[in-house]
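Presented sequentially are two complexes of chain A, the first with chain B as partner and the second with chain C.
Moving on to the complex of A and B:
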C-alpha cells in the first residue's frame, strides 16, 4: 500500500512537470501568434499615419483630383457610391440566399448550392473582373467602364460571404426560440422575423461589414469594370467611368511626383478610417439590437430600460 | 391494454358538450420512419382536469404530448394513425387551423425558453402574434399574467429588462405566463419543473391547481410524487403502450397492472 502510494505520487510529480512544460509552451505559442497578428496591424497603421499625417490637407476631402495633385473627392465619392450599391445588391441577394439555405432548401440541393458558392468565393477577384470586362464593359452589353459593371462584379465577389455568414447566423439561433414560437401558434413568417432573424442579426451584419470592407478595398475587378475618372461620379449607371480610393493608392504611388505620393498616402489613410468606421457602426447596431440576448453581459443603462 | 375511466369518444347520448372530454386520443399510433414509438394509445382528457403522463425515459410520454398540438409535424419521418381530437375535431384535419390549434393547446417545455426580448414583450409575444390585444393594453395584459404566475413582485420594476437575467425558475414562470396569456383551453407541460428548485416547483404546482378548471392540463413528469400531488388522472406509459390510466389515487394506491405496480414501486424505470 505504502509502496503503491509512493510510486503513484512520483508518477504524479512527473505528470505535473509535463503538464507545466506543456502549459508554458502552449502559452508561448499563443503569445507568438498574438504578436504575429498585432505587429503587422500596428506596422501598417503606423506606416500609413507616419506617411500621410505630415502632409495631410483637409482639402483632399473637398476637391477633385487635378493631374497629379489636387484632392480625392472624386475617388471618395466613387468608393462610397460603389460600396453603397454593392451593399444593396449583394446584401439583398446574399441575405436572401443565406435565409433560403438555412430555412427552406432541401438538404441535397443545399449541399450543391453551398459547394457552388464556395467555388465562387474561391475565384480570384481579377478573374471576376476580367469576366465582367468581357461580358459587361466591352463584349456582350457594351456598357463601357461604368458604375453598373463595377457594382455587379463586386456583388458577385461578396455574395458568397454574405450568404455564408447569414446561413451560419440563422442556424446558430437556438431551436428553443422557434419551438416556443411554434407552441404559441405564431405564423412562420412572423416567427422568422421576431425570433430567428433578430437574434441572427449580429452574424448577418458581420457578413455585410466584411462585404463592405472587401468592396472598399478591392482594386483588381474595378480596374476592369469601373475604369477611372478624375472627375466626380456622374450617377449614370453605364458609359461613365468613375474613380475610387484603391486606384489612387495603387496608381499615384507609382508616379514620380511628390504631390501624387501624398495623395496615395492620404487615400490609404482614408481607406483605413473607412474600414474602422464600418466596424464601429456595426458594433453599435449589433449592441443595440442584441440588448436582450442571453449572452449579453453588459447591463443596459437605466435610462433605456423600463419602457 | 389501455384501461380508461370513461368512454373514449362521447356519442350524442353522452350528455352535453361540456361533459365531453376536451381532447381525446383514440387508438393512436405514432412513429418516426420505420420506428413505432406509440402503439394504440386511447386516452380521454377530461375538461378542467390535470392529467399526468408518467413512465420511464423513452416510453413515449413526450412524443404523445407533442402529438397533441402537432409539434412533431416537422420532424422527419413522423407519422400518426388513429384520431387525436380537440372538441371533437381531429387536430390534423384539413379544416383545423394549426395556428389556432396551438393557441388553444399551449405548451411549456422542460427547459425555460424565454425569447430574446424584454420581459414584458415575452409575456405578450403570443398575444401580439394573434392580435389579441391592442398596443395600449399590452402592459396591462403582461401585468395580469405575471401576477397570475406570482412573478409580478420580482419583475414589476424591470419589465424592460432582459429575461435572461432572471433565475431559471423565474424564467420558467415567465414562459408559463407567456403560454397563459393567449388564453389556451389546454396546457401541455413537458417536465416543466425538472430543472427547477423545490420552492419554484411548489409555486408551479400551486399555479397548476389554481388554473383548473379553466384550463385543462396535461403534464409529463418523471417525478411520481408530483404526479400524485397535482393530477386528477394519471396515465402510465411503458414501451409505447398505455399500460393503465385512471384516477390518480387509484393508479398509485391500487394499480391493476403488474408493470404499474413495478414502476410505482421503483422496480422499473
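Moving on to the complex of A and C:
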C-alpha cells in the first residue's frame, strides 16, 4: 500500500513504515488464527484415524458387544434407529412448525413462538436429558430406559433447528409463485404443496440433515433416557434400553482393557465418518439448489484490491 | 397438550382467515387487516367446504403443533422447579457459597429438616461448579473470539474462493464432530500435549504472588481447567467464525473501497470500516457460542477430571462444571434413598438453565439493541 506524500519528510516516512508494519502484523495475526483453526481439525481427524485404524477389525460392524470387547453392531443399529425415529418425529413437528410460522402465523404470535423456539435451542442438552429422566424414564410415565424416551428428548433438542431452516426456506420462495398460483385459482393447500413446498424442499432437507448429524453425535441427552444395552434394539418403544455409538466412546475410553479402548476408538471413527458423510450430502444438496434455483444470480468475482 | 387446546380455542377466527390470505409471502397475514367479505379466490367457496378438508383443518393442526416448543419449555421449567424444591429448601442460600459435595451417611436412618428428608451429614455447595462453568467458558471465549474473527477476516478478504470453500468445509467438520469424539481426542492427545509441552513453559516460572499464583503449580496429567477451556474454544470457534464470515461478505464493497481510496491500509480499512459494521453480529454469535460452552457436557466431563466439592486450585488442576457434574453424579445420586441428591442435581440443572438462558437472551437483546442504533457505516470513520 504505497502512500503517496507530497512532502516526503523523515517523520512521514517513519509513519508510513509504522503503518505498513501494522498492516503486515494484522494480516499475519489473522493468518495465524486461520492456522490455529485448521490445525486442530486435521489433528482431530488424524488422531482418531491413528488411534483406530491399527486395531480396526471389520467384525466390529457385524458382531454385538460382549463385555469389554466384541463389536459395535448393537450400537450402530441403535444409533440408526434413534436417528431415523428422531427424523420422523422432529421432522413432522419441525416442518409443520416452520410452515405455520412462515405461512399462517399472525406476526405477534410468531414472535412469541420463534422466541420460545430459540430459547429451547439454548437449553443445555444435559438439562433436557435430566428432565427426560425424571419425567419419562423414572417419573410421570415410568417408561424405564427406552427408545421412546430417547427419541422424544432428542426430538425436543432438534425441533428448533428444523423449524428455523424450514421457515427460512419457505420464506425464500418468491412471492410471485404464490401470486401465480392464486391467479390460476388454485386451492391454497394444493398451491402450498406444489408451488411453495417444492422449491423449499432442498432447504428443508438441509435442515433435516443437520438434525440427523446432531442426533448421531449427542451423548448427554441419551445417557439417562436410552440407557444402554449390549444387545441389538428390540423395537419395543418402552422398557427396553438400547445401545448407541456415543455411549461406546464415553464408557469404554477409560475402561482398563485394550479391547475396550479399541471399541471406543472404532466407535469414534464410525461417528466421524457418519458426520462427514452427512456434511458432504448437505453440501451437495445446497450446491444443487444453487445451480438450479430459478432466480440464480451469476456470481461476479469481486474486484481485487491493489496490495 | 391441554395448553395447546385452550390456545386454539381462544382465537378461532384465524384459520378461516389464514388460507385465503396465504399469498402474503414475507409478512404473513395480519388478523387485524382481515376482511371477511374481502373475497379472495377461495372466498365464497370457503364457507361451504367440509371442515376436514386440508384447507380448513391443516392450519389448525399446524398451529397446535407449532406451540409444542413453547409448551415443552414451560414443562421443562416446571419439572425442574418442582423437582428442585426440596433441595432449595434444604440447601438454602449457602448452596452458592460453599465448596463441598457430601451425600451424607447413606446407611444411617433418614432425618428430616425443614420437612425435607435427608441422610445425616448431607451438605452441598455449588460455588466451585459455578466458578468452573464460568471460568472454562471464559477461557474458551478469550481463545475463540480472536481466532474466529481473524479467520473470517482472512477468508473473506485474502483467500481465493476455492480455498475459502475448503476452510468452510473445515469449519463444518469442526462444528459437526460429536462432542464425545472431541472429548476422547482431548483426553488422549491434547490434554497430555498441553500439560507436558505447553504449560510447562511457564508454570514453574510464574511468580508466587496472589493473582499469578493461579497460573503456577504442577501441570498434572492433562485433565483440568486449561484443557477444558481449549476444548470448549474449539467447539465454539466454528459458530463465531462462520457467522462472522457470512456477515463480512455482506459488508458493501463500496465503503471498504472508499476507505482504501482515502489511503488507508488494508488493516486500517478492516479496523475502521469492516469490523464495526459486523460488530453486533459478532457479539451475538459469541454469546450463542458462550451459551453452548456453558452447557457443554460430555467433552468437559472427559477432560476436566470431574472434581466436585473442592475449590479450584490452579489453571491445571482438576475441576468440574455444572453440566459435567450432573452427568457424572446422577448415577451415584440414585443411591440416596431420601431423594435429596437427585433434587440437588435438579437445583444445579436449574442454575445452569438460568445461566445459559441469561447468555442467550442477553445475546438477542444486545444484538437487537446494537443493530437498531448502529449506523450502517462504521463508527470509526
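Here is the rule we use: the second predicted complex is superposed on the first by the 242 of 307 C-alpha atoms of A that agree within 3 Å, B and C clash if a C-alpha of one lies under 4 Å from a C-alpha of the other, contacts with A are read in each partner's own complex, and residues count from 1 in each chain.
In the analysis below, contacts are C-beta pairs under 8 Å (C-beta built on N, C-alpha and C of every residue); 3 or more make two chains touch, one makes a residue touch a chain.
Predicted model only: the values in this text are computed from it and were never measured.
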Which superposed partner A:185 touches (first chain B, second chain C, both, neither): both
Which superposed partner A:272 touches (first chain B, second chain C, both, neither): second
Which superposed partner A:125 touches (first chain B, second chain C, both, neither): second
Chain B versus chain C as contact partner of A:217, first or second or both or neither: second
First, second, both or neither for A:134, with chain B first and chain C second: second
Larger contact residue set on chain A - chain B or chain C: C
Chain A positions touched by chain B in one structure and by chain C in the second: 179, 181-182, 185-187, 191, 305, 307
Chain C - residues contacting chain A, complex: 14-15, 18-20, 22-23, 25-31, 40-42, 53-55, 58-59, 61-63, 65-70, 72-73, 75-76, 79-80, 83, 146-151, 153-155, 158, 161, 167, 169-174, 176-185, 187-190, 234, 237, 241, 253, 257, 260, 263, 265-268, 270-271, 288, 291, 294-298, 302, 323, 326-327, 330, 342, 345-346, 349, 352-353, 356-357, 359-361, 364
Residues of chain A that touch chain B when the two form their complex: 174, 176-177, 179-187, 190-191, 194-195, 198-199, 290-294, 296, 300, 304-307
Residues of chain B touching chain A in the complex: 69, 71, 98-103, 106-109, 111, 113-118, 125-126, 129-130, 157-164, 175, 178-179, 182
Chain A - residues contacting chain C, complex: 1, 3-4, 19-20, 22-23, 25-27, 29-34, 36-38, 40-41, 43-45, 47-48, 51, 92-93, 96-97, 99-107, 110, 112-113, 116-120, 122-131, 133-135, 139, 156, 159-160, 163, 171, 175, 178-179, 181-182, 185-189, 191-192, 213, 216-220, 223-224, 246, 249-250, 253-254, 264-265, 268, 271-272, 275-276, 278-279, 283, 301-303, 305, 307
